[in-house]
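Shared between the two complexes below is chain A, which pairs with chain B and chain C, respectively.
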Partner chain A sequence: MKMKKLAALAIAASVTAAPVMAELVIPDLSYRTGPYAAGGTPFSDGYQDYFNLLNARDGGIGGEPVRILECETGYSTERGVECYESTKGEGALIYQPLSTGIAYQLIPKTTADQIPLHTMGYGRTSAADGEVFNWVFNYPANYWDAASVMVNYLLDENGGSLDGKTLALVYHNSAYGKEPIRTLETLSEMHGFNLTQLAVDHPGQEQKSQWLQIRRERPDYVLMWGWGVMNQVAIQEAANIGFPMENFIGNWWAGAEHDVTPAGAAANGYKSLNMNRIDDLPVFAEISSLVHDAGNAAGDGSNIGKVLYTRGMYAAMLAAEAIAKAQEIHGVAQVTPAMVRDGMEALEITDARMEELGMAQIGPAFSVSCQDHGGTGFGIVQEWDAASGTWTALTDYIAPDDSVTGPLVTEDAAAFAAENNITPGCL
Partner chain B sequence: MFYREAGDFKTSYAEDNQTFPIKFDRYRYWLVLAVAYLVIPFMINDYWANAIFVPFLIYAIAAIGLNILTGYCGQVSLGTGGFMAVGAYACYKLMTAFPDVNIVFHILVSGGVTAMVGAAFGLPSLRIKGFYLAVATLAAQFFLVWLFNKVGWFYNYSASGQISAPERFVGPFAVTGPNAAPWAQYMICLVFVTVCAVVARNLTRGTLGRKLMAIRDMDIAAEIIGVNPLRTKLTAFAISSFFIGISGALFFAVYLGAVEVGEAFGIQKSFLVLFMVIIGGLGSIFGSFAGAAFLVLLPVALKFVGSDLMGWPTDLVSHLQLVIIGALIMFFLIKEPHGLAQLWRVTKEKLRLWPFPH
Partner chain C sequence: MSTDFLYLVEVLINGLMAGVMYSLVALGFVLIFKASGIFNYAQGVMALFAALTLAGIMEGQVPFAHIINAILGTNIHHFGWHVPAVLAILMTIVVMVGFAWGVQRFVFRHLVGQEPIILFMATIGLAYFLEGVGDLMWGSDIKTLALGLPQGGSRWLEDMTVGWGGDDFYGFYIDKLDMVATIVAILLVASLIAFSQYTKHGRAMRAVADDHQAALSVGISLNFIWILVWSLAGFVALVAGIMWGAKSGVQFSLSMIALKALPVLMLGGFTSIPGAIVGGLIIGMGEKLFEYTVGSLVGGATENWFAYVLALLFLVFRPQGLFGERIIERV
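And now, the complex of A and B:
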């Protein structure tokens, strides 16, 4: 009986909740609960705060207010699908799920429904091939770029040769963690280093045996593809076995404040990649005064300026710029998802534009084209200073080795195209 | 008045043995089927299919499968997630190896493969019982997930370790892949659910069901009266795994489309299906449906009420959901240990006595 009442209620409400068309609808598939909440919360805060800033300062994008639809996925693919289905009917313009698992679910679905999907620095790497993945974008960088950037950095540290060195990859045992393996294998043949692969199962709290193996084998470097609680545990375990932190490098999802603080001073010197700079950007002051002081902060407002907050805001900025571009191309303020896709494909982020937006140098300048949905792939290496509690950039943007990642992307995209009967081409 | 045996005269053994001896129940059964087959497919949209009906139907098959093993035969299993993974990976391998064969056969064969795997993992049940058997099936769960993660052959050596369902058709209609119409996804699940439920119901009403229940109630006594425990327990594992394999194949091919074994078929899935069986009612086919509906619909309903109607923050709603579902599970276990099916049974009993309760 209870179920019938609830179902009746749901039917009644879904009838009344008709889509309101005079807005730009941006779904935020966030996760503020579960083992990955530590990363999901600041990202979502930054994402929403930036759109709220646009609403408060500019009245939205091109005069159209933005409406954010937040939906909690808990990093679970099933709930991600449910969120996608419940938000797409409202006129969602672009999806950024912040989960490689959900991204894999959504790639075929968004393509069939013709809604652009932007997986910034995550998701399926070969989506960089825009002729096969017309509706999927992963600029400014992807996992294979990250793997290549790491190796390039290590090459630089070791005088240009990694011959005979051993690199261990500690990875989340999922599509996310397995992504870089193919590139690292190619690179290990190319540069003559040995690659040890150590899988950590979801959610990543149990890593004793992996770190025991590292302790026994003493690899020269440990690379990590971790997320959520896995990062904190890995850094603590590395500290426990006395692995030198300066030889421990996480990717850009394993390098936020909350990953290193639990290990305290022992985490000092831990390195990670970053695809965006962290700085005291002028835009934060605007968010503070126009959004937070007005009581519109997403979350509790405590995350402003943090690594993942900055990245969430960066993601929102890229989406907003693409929408603005779409409005410019099509000459209408009320854009459709298909128009946003055109805007994304014509997107050009310049240093001057970033400065104008109050986030100078937040990312590399790049432009997107029909063929290349992947951006530049640049990454910086940053180091954690436990005493002052800050990340310091050690390098400028390092370029990946496109001659390695390029053919891999083409090969994987061609396999996907063959599997799904896609004829590559521009829309 | 309308719900009673009186006046409904049976003139043959077949009539006397039918599933629903009461006229009202028979009409209700046909009405439910009519609505499911003739009304819902015309009203369904993407959201209702993907968020509610398809997962409900698929979990119902899994719950029926586990109910045969745990509810009817008394063998506690925590390996449901692993067996669903077997169904999913079997279906994937078949779909990619034999693209010209109809998906329906792939799903059935996946069930068969799972039945064999399930029977193999059921062997320890001959020597161990209760908690110890639960631990043995738990080992199956972890072993199978590890296997599908470790051995590249199962996922055709894809870079991400994911399996994704190619587009497959039943007649001219796509049922898997992103272009499948919601009604087509719904219909294929509905057909499988109907067949599975009818088969399960009749299996459990007949000799086999009685053997299973005899083993459940007291295995030594059952052996003395001539029930072969080896054959009966392995049959229970095989039949149960067959249903669970079908649900795993549908879960992967029709519902999600792309699956990662650790995330989709982890231990939490085993617990979810076990909760469905316990809340719905052990040893009842209707209970399997009730439990599946309860655990699929409740989170969606709570989310709807919390975030869409009340506008509460999504994390608060998500946490509340855990609290409420946990509280409801405890409430049911204390107040109605026989599950939702028992509530239904009591209602029916009251209806029979109405209007003169005693």
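And now, the complex of A and C:
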């Protein structure tokens, strides 16, 4: 009996005496399985590899190591919420779920739990209004910015006028796919183009009706809001009916390598938006040597440099910079989620800082404020070269029309605030 | 003929062609249900698994590479060779036969005499198992099937018919891949019917489908027949996987093509091979015509809705489907 007590005391002493290992907990709500794995895997690889690089090179952020908690969502909203619930108690500092469906479910939860949610280029567009969505951020760009950037690009291509032109929007028949409609309708009235809307049922494996309609009606341009198999099928169907690829533009979730490769040479010339530049960035060499060669790659290492890998890495960089900013503001290395929110709201990404990080011009320079959680909204247009298997940027960063998107954001955020009894203001 | 009428005809033809693609998936369901009374929820995943295996073999991919590399500390992903399509198809068939044997040996042999709902639930488990194994074996990236199948519309047909209804008629569009799928479906159905009518094992399969116990009493091995049926369903899944995979690349969303087969089965009947074909044609044609005529008035994306509503109507008025066997239970 005495021995048992002694043993129990020894165990208790060893537990309480152990030094508390401070660490920054970053959940990665990934999807490496299921129908959307082809997009989820490279994003998650890039996200984790960047934090692993910081751990290997700098000992973490501000001297605190980063601990990644990966949780597989399978792109299922229910499983995404389960992942949130199972990881938030670990001291999670920020969530980036890479799913509009999960993002919508997490907005009230993260707000109640006071954990920042970053939905980069997806999620609820009006979250750009920081006075209503105190805990949600969607910099550097959102869907309405994307729609406006597309139209601005086409205006530029058509000598400043789209009057009388017809634009067809092929969209995933979901909350995500319907996001740009309102902006495009406003822009069609402003610029005098006709907008044809073509909804595609989930998952988008069968699109014959939509592309026969495009063949009959011959729109001048086709814009696409797709994800997963919808993208590959749409590009193949466009090629099948002989629609000119140079007049087919997808949003930034319809412009990865795996979206175009199944169509082979027929996809040559397809265009898409991108919120981040694809380039041979110096940071990739560091990741290769310090993370992959050390056997700490998140995946098999084959995705490095790809569109969604780069975007995942970019997302991680923005999170790391916000954490560093929070450490700077509060003067502590072990920051809390509320401190990270402060860091996000004070975030300033400059060209010099991106160059210093080995990712020069990966995105536009921007700053965040209490009022503006949305960033600049800039996007580039890139084109697929099937022969070399590479994306080439056709433009520099194009600005959206803030006079159109701004009032829409304000209106939608005000409606959300009224529905949820939120008094807009800064924290 | 007016342009509108010609475009309506075009929609109708393309609907029929799409229906053939649905039928290819539905056929696998029918084979297993007819022979064993099991509604095989895993049929869509079998199509995915078969297509993944074919693409993996053709590309010379090392199966279970991630696990091997993790255990042995190696970094191998490919053998460095490419297997010719015909050989790869034969090897995939062998894999699907092995899968059929495994399913029978390790799952359904232990569930003989169980309620249909238990067997159905077993196939749900099988679907998840197979999807996971497929991921572990071949990875989750999208694969291209380089089988040389034609893509795109028939330019010859377009050129022949352009301008028929006026200057704004651009000629009939028919996808060459859909034409190939139609020919393949015809050959497949003819082969299945010939097999079941004129071969010893085919007749044994029909006997088992009619009455298990009577078939057993005359010396037919139920075990062998069920392996045979699952193998045939695996082969049909491979054909469906090839045709659908040629459109979109081989990826995990292929497993969801089963959703397109369900209304076809409800309409054509779960026990009829011709029913699967006719059901597919009706669903394909109906949903495309509905989308063309009504879709734009209600916001589009009506095809899935229409297919299931049509199937529901059949369930109400003719629950056994067009060609299904009427179930009469006397008390």
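Here is the rule we go by: the second predicted complex is superposed on the first by the 406 of 427 C-alpha atoms of A that agree within 3 Å, B and C clash if a C-alpha of one lies under 4 Å from a C-alpha of the other, contacts with A are read in each partner's own complex, and residues count from 1 in each chain.
Following the convention adopted for this analysis, contacts are C-beta pairs under 8 Å (C-beta built on N, C-alpha and C of every residue); 3 or more make two chains touch, one makes a residue touch a chain.
Since we're looking at a predicted model, the values are computed, not measured.
S.K.: Should the superposition on chain A be reported as showing a clash between chain B and chain C, or a fit?
M.R.: Clash: chain B and chain C overlap once superposed on chain A.
S.K.: Identify which of chain B and chain C touches the larger number of residues of chain A.
M.R.: Result: the larger residue contact count on chain A belongs to B.
S.K.: Does the superposition put A:P400 against chain B (first), chain C (second), both, or neither?
M.R.: Touch status of A:P400: no partner.
S.K.: Which partner chains sit in contact with A:A199 here, chain B, chain C, both or neither? Use first/second/both/neither.
M.R.: Both: A:A199 reaches chain B and chain C.
S.K.: Which partner chains sit in contact with A:G226 here, chain B, chain C, both or neither? Use first/second/both/neither.
M.R.: neither
S.K.: So, A:D300: does it touch chain B (first), chain C (second), both, or neither?
M.R.: A:D300 sits against chain C, while chain B stays out of touch.
S.K.: For A:S86 in the superposed arrangement: first (chain B), second (chain C), both or neither?
M.R.: In the superposition, A:S86 touches chain B alone.
S.K.: Can A:P108 be said to touch chain B (first), chain C (second), both, or neither?
M.R.: Once the two structures are laid over each other on A, A:P108 reaches chain B alone.
S.K.: Could you say whether A:R216 touches chain B, chain C, both of them, or neither, answering first, second, both or neither?
M.R.: Second partner only, chain C.
S.K.: Touching A:G343, do we find chain B (first), chain C (second), both, or neither?
M.R.: Neither chain B nor chain C is touched by A:G343.
S.K.: Of the two partner chains, chain B (first) and chain C (second), which one does A:G374 touch, if any: first, second, both, or neither?
M.R.: A:G374: touches no partner chain.
S.K.: If the shared chain A is used to align the two complexes, which stretch of chain C, 115-123, 133-141 or 205-213, clashes with chain B?
M.R.: The listed stretch with clashing C-alpha atoms is 115-123.
S.K.: Which chain A residues are contacted by chain C in one complex and by chain B in the other?
M.R.: 32-33, 37, 41, 173, 199, 201
S.K.: Within the complex, which stretch of chain A touches chain B?
M.R.: Spelled out, the residues of chain A in touch with chain B are 3, 6-7, 9-10, 13-14, 17, 30, 32-33, 37, 41, 70-72, 74, 76-78, 81-82, 85-86, 88-89, 100-101, 104-105, 108-109, 111-113, 124, 173-175, 178-179, 181-182, 199, 201-202, 412, 419-421.
S.K.: Considering only the defined contacts, which chain A positions touch chain C in the complex?
M.R.: Touch residues, chain A against chain C: 32-38, 41, 173, 197-201, 203, 205-206, 208-210, 212-213, 215-216, 228-229, 232-233, 236, 239-242, 258, 261-262, 264, 266, 300, 302.
S.K.: Which residues of chain C touch chain A in their complex?
M.R.: 7, 10-11, 14, 18, 21, 66, 69, 77, 131-132, 135, 140-142, 144, 151-153, 170, 173, 175, 244, 247-249, 251-257, 260, 288, 291-292, 295, 299-301, 303-304
S.K.: Note which residues of chain B are touching chain A in the complex, please.
M.R.: 45-47, 50-51, 55, 149, 159-162, 164, 166-167, 177-179, 255-260, 262-264, 266, 293-294, 297-298, 300-301, 303-305, 307-309, 313-315, 317-319
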